[in-house]
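Listed next: structures, encoded as structure tokens.
Two complexes, one shared chain (chain A), two partners (chain B, chain C).
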Partner chain A sequence: MFDVKADLLKELKKDGLGRPFVDLFISTHPHDDHCKGFAGNFYQGKVDDYDKDKNKDEIIIEELWITPRGLNNNLSSPAEDIRKEAKRRRKLYDDDKNFFGSKGNYLRIIGYDKNKEFDRRYCYVPGILVTTVHGSSLSWLEIFIHAPFKEDVETSKKYDDKNATSVVVQFGFKIDGYTGYKSRVLMGGDAEHEIWQHILDNNADEEKLKWNIFLAPHHCSWSFFNDSDNKKEIKPSADAILDKQIDNYAHIIASSNEIKNDDNNPPCYEAKQQYIKKLKLGSSHFLNTATHSKVGNIPQPIVFKINENGKTLKENATVAGATSISNPAPRAGR
Partner chain B sequence: MEHIIKYYPVGNADCTLIKLDNGKAIIVDCQIWQTLPMVMESK
Partner chain C sequence: MTDYNHKITNGSSIRGEHLKLFRAKAIYKAAIVHPYTKDVQCYVNSKGDAIIKMHLTHLEIPDEPVFDIRDEEVIAVVCHPEDVNMPEVYALRKDFPIELPHSNAKPFTRPISLCVSDVAFADIRPQFNAHDFLNSIRRWFSLNSINKLHEANRPLEVFFGFQEICCILNERSGGNPYIKYSQKTKYSSTLEFVEKSKATHYLIGISTEKIHASNFVRIPQTMGDLKDVQSTDQFSLTDSLLAVLTKSVAGKATLPLVISIYITQTSKDDKKTSQELFLIKTNCLPKDVHKKKILSKEAFEKWFYELSVEVALLDFMTSRCGNTINNGIKDNFNKVSVVGTGTLGSAVIDHWARQGCSEEINLVDCDILLPHNLSRHTLSTDKVMTSKVRSIKDTYHGILFQKINAIEGNFLTLNRNDRERLFKNTELVMDFSTSIAVEKKLANDEQTFRRCTSFLNPKGDDVVLLIEDKERNTRLDLLEMDYYRNLIVDERFSQHLEQTETVRTNTFSCRSESMILNYENVRVLSAIISKQIRKYYTSGQACLNIWHFDAENGIVLSLPMTITNWHHEALGGIQIYISDAVEKEIQTMTATSPDKETGGCLFGSYDRDHNSIYVYYMIPAPKDSIHSPVSFVRGFNGLTTEYERITKLTYHQVRYLGEWHSHPNMPNTPSVTDKKQFEELWEEQQSQDLPFVQMIYGNNGLFVTAAM
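Showing the complex of A and B:
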């Protein structure tokens, strides 16, 4: 297994006291496969109580995003840890009407509180373009929030195992000296085809759905294309979203186990075939985290760099010396 | 100027890191084992 924590510690900055921190943690929805390892790896509680020995290497989250469903569920134990931390932060706002956030205490609930908005100091609703985190400008990134919608949150409460309430966002990356976005990334957690149709029905600006990189929802599940028991028909929402790819070099990422020609779902072999069919450059631009590149038998992260040339797939520097590579990274530059 | 986006290999799960040129970082979801299992979990 790849050591995610070690890599995060290498990538993240440390504060003046040597504590690692991340500016924003987005919890797309409260399921195990999106929350595991939160406790013990991310710091929970007042930053002033951070103990350099007991909490060593725990990552401080400056701002936390959670969905209403994430705040009110008992779906999974790891999700419960995120919920507790979100509730701790929310109480700070609710106890003090003049509180607008502080180090390690910022919170945003993404979505609606039934038919009304949450307190505006700590909520965002679909349709908002976010340019700051914990009171500080992101400068080179804008985040457009597409979902969750209030209706879908209510539906999800009736069917606990549904993936309806995922946060769906477009990340727009900017580069100094250029106007507009240099690259756009569309990610929607485990959002199923109904949610994507809902987004299409409500979206006012087509630009907000365009993508250079698309994360195949629910680990390359068939649920993006149709209900899981219907593999013969593709919903119009899937075609419409996949048609929003920009130019000829867009990539789709499947964050999943290896996709084999079997009946698993996720990852779903038929879904992979549909993605490849829709990509302008086909299979060379469909990347699976389990097989893209390996060092020995250990899968490595898929990394893109985004600069004045747009996005470029970064080849793993250590792959060249590896003795076992099951599926070398495509050499295509963009 | 260069930003990165990194998709971690975490099986049927999601964990993504975005790091901007100015050092600002975002993590979307997590899947981190306390001890690294030899076999990937399947959901």
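Showing the complex of A and C:
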């Protein structure tokens, strides 16, 4: 089992009142496996009402991104929690034309929503380069939004295909004193090959699709390469996206359970093999969150550090004796 | 130099479980379970070495490394049967970068030998852990990939690796090329600039261009290996040397050649610089170069470039300035003089010389080092029966720019020249002679230098320091008198001059040398005195202090003594000094007897050489004294006991000096009776070779009269 909350709290900063916070939370799409645990772990409501005891260790979201589909009805309970928080924030904008966001109340809806008028104060559409978050300019990060497109949002509604509304973004990490990005991360939630093809069709700047780290879509599902039942043919979109890796040292991360050589999908063993085949340094640069590094039986986060030398995959320091103390001792006694 | 030495990591394949060397086995076991290690293979060679090859994966290497190190590298760990050095580690990749920081220079280019630890294996061995060892190799790759293995706060790495350290003993004068080179041990030697007839080698100095440090240690083995080092814009070190040999030296020098090379390294950001002087030893004679010039250019260069060389790091003999820096000394003297070089004196001199406290130190003593002195003297056994001052001078002779002058003689009878040498421009005279006469002579000298005296008590657990103030308001002789007074009046010092059964001494001084002292105590207390003298000199204040060493508990107590003010009267040729403590006590006694005369006895010391009397203690009227408004007859009840007490406390330094009495509400003019008393007691004192002092305290102050 992962202990994401513990890992997150270890990394997150705290505000002046000792409350943990994230600058930005992106809800890529309203599937359970992307929404579970929102309530209880992330703070919902007015920041002024945060109770240090009652809400202990609940993480304040400074700015929340959500897709139009995430704001619609017919959602599971966990997705509903995010929707509720997003609607609370949207109301602040709708009630006051002069409201441009405040601590713990910033909201961005990613992609057009036919039912709502486009409001520049809290809406982003594909093709936008985001350089500010919760009203502050980010000197070290730029985010380019690739998806969801209007037609995919519509498809999603029509066929209730929530994956089709996945937010797809490129994160460009910058370092003071250097021009350009020092490392780029391409993430597409659960976007499947049709979405990636749409992105390729609509993308005007080659640089915006390049990556040093690529998050294998849909938990290393075959759907990035083709329809799930066809393992022989690979759609051109997959090749095109994987060819956008930068230099020789790019990494692909599969955020999934352990990928075994079976018929499971996701994670899909054939998908993993395809990724490894495409990576310039092969299997050593394909990392699986479930297996990359463990303390005892608990998988540890995959951490990259980005500095003037680009990205560095941090290893989990191993010390002699760690194995013995991170597992229960064998039974002792008579 | 061979390119890739395969032999070093080759051997016959063996299963890891079958490895015999304990160290190799441990590394193998750690490697197969390490989460970031794979393809572990083991080999043994004919020398009995065990070689463990493995891939290190997931090394923390950035996408844009400073050096071409990859996140997966193949290494070989070589364990030797002797197990006295850290197992060797080699990076096996055929194009692994060379000359990286903390890689070991080898007689082959590759595989690259990694220096994974700069701690001696002997220190690591007891707690060696194979897992940590593998992690230290990983750390080597990761940190070197971003050029951070050589930490920013560490000095630059030495430019040439060396097997020998050579100390330059003296200064070179006028470009003298003749040296006496002496091998001292397998790894050490000395170099001394000497006249031609005593020389063993001919020295050529070659300068080099400033070099950007790579923190890679080179180990040149031939003259050709020095070609990498740039001497000037155009020429390598080797070429420059050749030019010197062929143009200016060849044919003239017949001695074997040694080359001194001055290397200046700077870090790339110019923030750190190191300067090192190396001695390159060759078996080349300059005349050989001259002879070989008849060869073709190619043949000559081949001969010259293949001449073997050895590198020694040159170090300069320590200097006075170096000693001050190493000891963090800031209060430097130009010139000090030391009188007395016995137990305490030699120890303080040792501190001062090794700390470089003074540019020039004069030493005066007439003593020789007797065998029994060796038990607590800084001089070594080979100096026995030699002059102490000369031998001390010889001991510190090698310290560059440290001038020590030895004046062999008795301070009290020094001739004019020696006195001038001693005192001229001296800022401080330190007296460790244990002689009261020396201290008094110093006290009465009119020159302006500061002076102090210090001595140990008979048991050697107390050290006393008397130092005059900058203006000399509190002279040494007065401090000495205050010292006695404190011994009498302050309970803390009741054991100070206590004698032990084993004492071998006379009764003229409490500071006789021939007492049993413990050398451990001496070293502790001498260190304190050494520092306190400098402290009080800097502050300009006078000091009268005892430091007591409680050896049992390892505690040193500082026991300050009271310094009093002194009233001075000159009566004819006699100088009378009266401590204001005595005056105040007389005033108090007089005030407590306002209608009747009162009085008591006066105690102190005298100095016939300087016609001085010091009155610093008073005993009030004994109980059997007879008081009336116009007369006072001093009784004697308890006086003998008190006199014995103070004699014991001061070890015979205090004498009965005379009488005092009061004239309540009357002037202090001596009456006929008073004058008669003076005559009678003076006669009595004279018969015992003592001076006599009479004091009368009246409503107009103190009347003092004395005879010696």
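Here, the second predicted complex is superposed on the first by the 310 of 334 C-alpha atoms of A that agree within 3 Å, B and C clash if a C-alpha of one lies under 4 Å from a C-alpha of the other, contacts with A are read in each partner's own complex, and residues count from 1 in each chain.
In this text, contacts are C-beta pairs under 8 Å (C-beta built on N, C-alpha and C of every residue); 3 or more make two chains touch, one makes a residue touch a chain.
Because the structure is a prediction, the values reported are computed rather than measured.
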Touching partner for A:Leu12 - first (chain B), second (chain C), both, neither: first
First (chain B), second (chain C), both or neither touched by A:Pro267: first
Partner chain in contact with A:Asp3 - chain B first, chain C second, else both or neither: first
Which superposed partner A:Asn307 touches (first chain B, second chain C, both, neither): both
Chain B versus chain C, judged by how many residues of chain A each one touches: B
Contacts of A:Glu315 with chain B and chain C, given as first, second, both or neither: second
Chain B versus chain C as contact partner of A:Asn226, first or second or both or neither: neither
Touched partner set for A:Gln170, first chain B, second chain C, both or neither: neither
Overlapping contact positions on chain A, where the chain C interface meets the chain B interface: 307-308, 311, 314
Residues of chain B touching chain A in the complex: 1-34, 36-38, 40, 42-43
Residues on chain C engaged by chain A in the complex (per definition of touch): 30, 33-36, 57-66, 71-72, 129-132, 135, 138, 145-146
Footprint of chain C on chain A - complex, ascending: 183, 212, 246-247, 249, 281, 284, 293, 307-315, 317-320, 323
Chain B partner contacts - residues on chain A that touch it in the complex: 1-5, 7-8, 11-13, 22-28, 32-38, 40-42, 133, 136, 138-141, 171, 173, 175-176, 185, 187, 189, 213, 215, 219, 253, 255-257, 266-267, 289-290, 292, 299-308, 311, 314
